[in-house]
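Two complexes come next, and they have one chain in common, chain A, joined by chain B in the first and chain C in the second.
Coming up: the complex of A and B.
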């Protein structure tokens, strides 16, 4: 069950600044650039880095330098994503954007990048941290976060969902399908697969 | 792919735009409507000048929604291999020519946030079919046309229908007065760049854009290659077992076609890669935009529509 033979799962590579880029912005989900996110020999100083402190006491940064080596810290992921949208709206051609973190974070960043007009040659992502999944219920469209089991109860409609390997880049989520649709009540044991 | 089937078209109108610049308008010779052409598309005309047969590609300049006619603009080239001189001097209203249906190697990018178009001289032609399409889509665009001073007014006139509320500029001073780097540096994310014109302009624009960090995938070039001819040589088609003399004003592809060989081809401008042919012996003078620098250095393939032999003899696997 762990390999469902589905090919839509994204593949990731450690991040290195693309040589052709004019400026490199790296956004990460945590307070530090996580170990393993960058390719061997690549220093965080090659990027302008945005981090998330996950706390309210973020030091103020009156004038932000938009240069390699600069670090800007946000209170939360939504705080960072909102600022990213504004930043990309006024950016010029030549920018490269990288994201490191869990899969939902990385693909939320991708969605913002794509909406701003960045293509695959201008972005790079590394999946680090938990393997837990965001699940999109194909029946009620509710999203259930942080799923580590093969079967999960939908946060929207309460259905027992089978967690498929089918990944949607648009929704930044895996697909969840009712597991007992044919024989109601026949729900297999959930296995811990995505820790 | 074998050469596309041609249809007969009649010259419905010839309009002189400037000295050496004429617009030809064609209609289907047997009535009806043409197919809807792709934006940035070109057609291939078969021009029969006595015993000589030339097949030349021309960008459509009529709006893609226009199906009653296809328009092209042809510049009379001083060093013409014959195509532009034939069209300018020998083709008259009412004449019937063979035309292969349009295809586009220079389409409009659907996901672009903005379209930046740069034309040089007659390189304006494919851009003229982009503009109505971009306007119809409500897309954001900006166009810069480089021109010699004498022709600036002609280009102003061709662009006038699209000028209202749009960023369109004709630079009559050519490249000298054109701030290319400034223009490319201030483009918003998601901009796609389209450039058509002389080789030197296209190289300068794409080189500047790449240096500013533009990704290759957002730089689109339309080239009809270098078709200025060169020294005659002999081509040996090993598999077919025939030898073809390539004249000074002929391309290898044209010489093979004249010998009755159905050689693969599509764009006839060194852009699409369709006519790539393995080289067995002899040195190649590469003039295409398709092969990478490494492939050109290796010299194991030739684009027959534009490239030539460097020496007197070339053996190819065809």
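Coming up: the complex of A and C.
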């Protein structure tokens, strides 16, 4: 059941600077560029890197720092994403944006890139870390985070949701569909699938 | 022939929807052969065809007024069933123009469009509407142009933007759908929004269909038929409301199967739009009960054979497992094994007695 054969599920590749790019910005979800995020032989020094320290005592740094090899540290993921919006709003052609982290993180980055006018060819993403999923309840639109099982209780409406492989990049989430809609109460046992 | 609209028929709760004999015979029956498998079954959308449903650019039938009322109800309950991304405004106007001009040309007794430069006046007699507006100025309409005109058409519509060698579903009016969600799928590429469909990816159907559609020319629309089955004549079988309509599936019995189970056909049409270069995708839904299909000898034989021999993955994807066997058992006594003619035409202009 872990591969339902649905083709909207994203595929990922290790990150390498795209040759046509003028400048390469890599944003990651943790304090360092995670092992396995970059293609073999690619150095983090090829990118301007934004990291997340997950602590408060981090001094500010300019949003438009451009040099490859520069590292800017943020206090939290929302802190980084907010700065990314500002940065992309001021960018010129030729920027390539890369993201490495969990699936909700990289597709939140993609959403910000798309809103700023970057096309899919100007972005690249690596999925590293937990396989846990963000689930969008198609019935009540609530989001349930960090789901590792085949069936989960919706955080919004309480329905028992089957986790479909159907993935929306816009919502950065997989679809959850009530598993016992036809015969209420007929809920199969949940399996641990996405650890 | 003059259409007699049935404005009070319902597609939920009381389910008073019913078809006249003419309406049964004009049904776009979806199976040209005795077996069914996914294919790129696309043909030019030209007038004339095996049934009367193919005689207009946008087909209007006796359910027009009631379907527009049902759509208004769905939108009142869930406005997100109509969404268009902001970069698609030119495609919105293209859609309004295409539908208004087509309806006025195909049904002059019901719709009139008059133009004085950019000042247009639209008259929709079945719905009792008259609207003057300036083409290209959204503030002169009571709602955005795509929503304005698709509230006055039968069937769902989506808008596909063409860029990056792909098609993106960047808008839609989706209230009569066979279990897919615009709110979830909006913004997806062609292969992404078809992601859940089984078998067809492996057969290369979507690769070929995408290539074909990217070359679609303005003024040369195409069409195909798709199908599923629905319990009760319910138009809104959305994923959003699955907890509301899902229990219907468990109410089918051998006694009520012929009246309850409906063959749901989508007459899908695709139009290249002139200003935006977007593609308008029409998904016109027709519902006919197994009992009504059984009144046409060719159709009842063929439906029996198609369902009996259907691929297991398609049975699952279309949500048929709970009642498919009951439909087969109901139709089997009426299938005498006689060969059927190719194509979807009913091969009769009268109906057998109900059975």
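Here are a few things to note about the model shown:
Basically, the second predicted complex is superposed on the first by the 188 of 195 C-alpha atoms of A that agree within 3 Å, B and C clash if a C-alpha of one lies under 4 Å from a C-alpha of the other, contacts with A are read in each partner's own complex, and residues count from 1 in each chain.
The criterion applied here is as follows: a contact is a pair of C-beta atoms (placed from the backbone, for glycine too) under 8 Å apart; a residue touches a chain by one contact, two chains touch by 3 or more.
This is a predicted model, so every value here is computed, not measured.
Aligning the two structures on chain A places chain B and chain C next to each other without any clash.
In the superposed three-chain arrangement, the CA centre of chain A forms the vertex of an angle with the CA centres of chain B and chain C, and that angle is 60 degrees when rounded to a multiple of 10. Between chain B and chain C, it is C that contacts the larger number of residues in chain A. By the touch criterion defined above, A:11 reaches neither chain B nor chain C. Of the two partner chains placed by superposition, only chain B is touched by A:23; chain C is not. With both structures placed on the common chain, the touch criterion links A:181 to chain C but leaves chain B unconnected. Residue contacts after overlaying the shared chain place A:92 against chain B, while chain C stays out of touching range. Of the two partner chains placed by superposition, only chain B is touched by A:122; chain C is not.
Smallest inter-chain Cα distance, chain B versus chain C, after superposition on the shared chain: 5 Å. Under the contact criterion defined above, the residues of chain A that touch both chain B in one complex and chain C in the other are 119-121. On the chain A side of its complex with chain B, the touching residues are 20-23, 88, 90-96, 116-122. Against chain A, in their complex, chain C makes its touches with residues 163-164, 181, 183-188, 191-196, 198, 201, 239-243, 246-247, 249-250, 322.
By the touch criterion stated above, chain B contacts chain A in their complex at residues 111-114, 184-191, 209-210, 212-218.
Residues 5-9, 114, 119-121, 136, 138-139, 141, 159, 164-171, 175, 177-178, 181-184 of chain A touch chain C in their complex.
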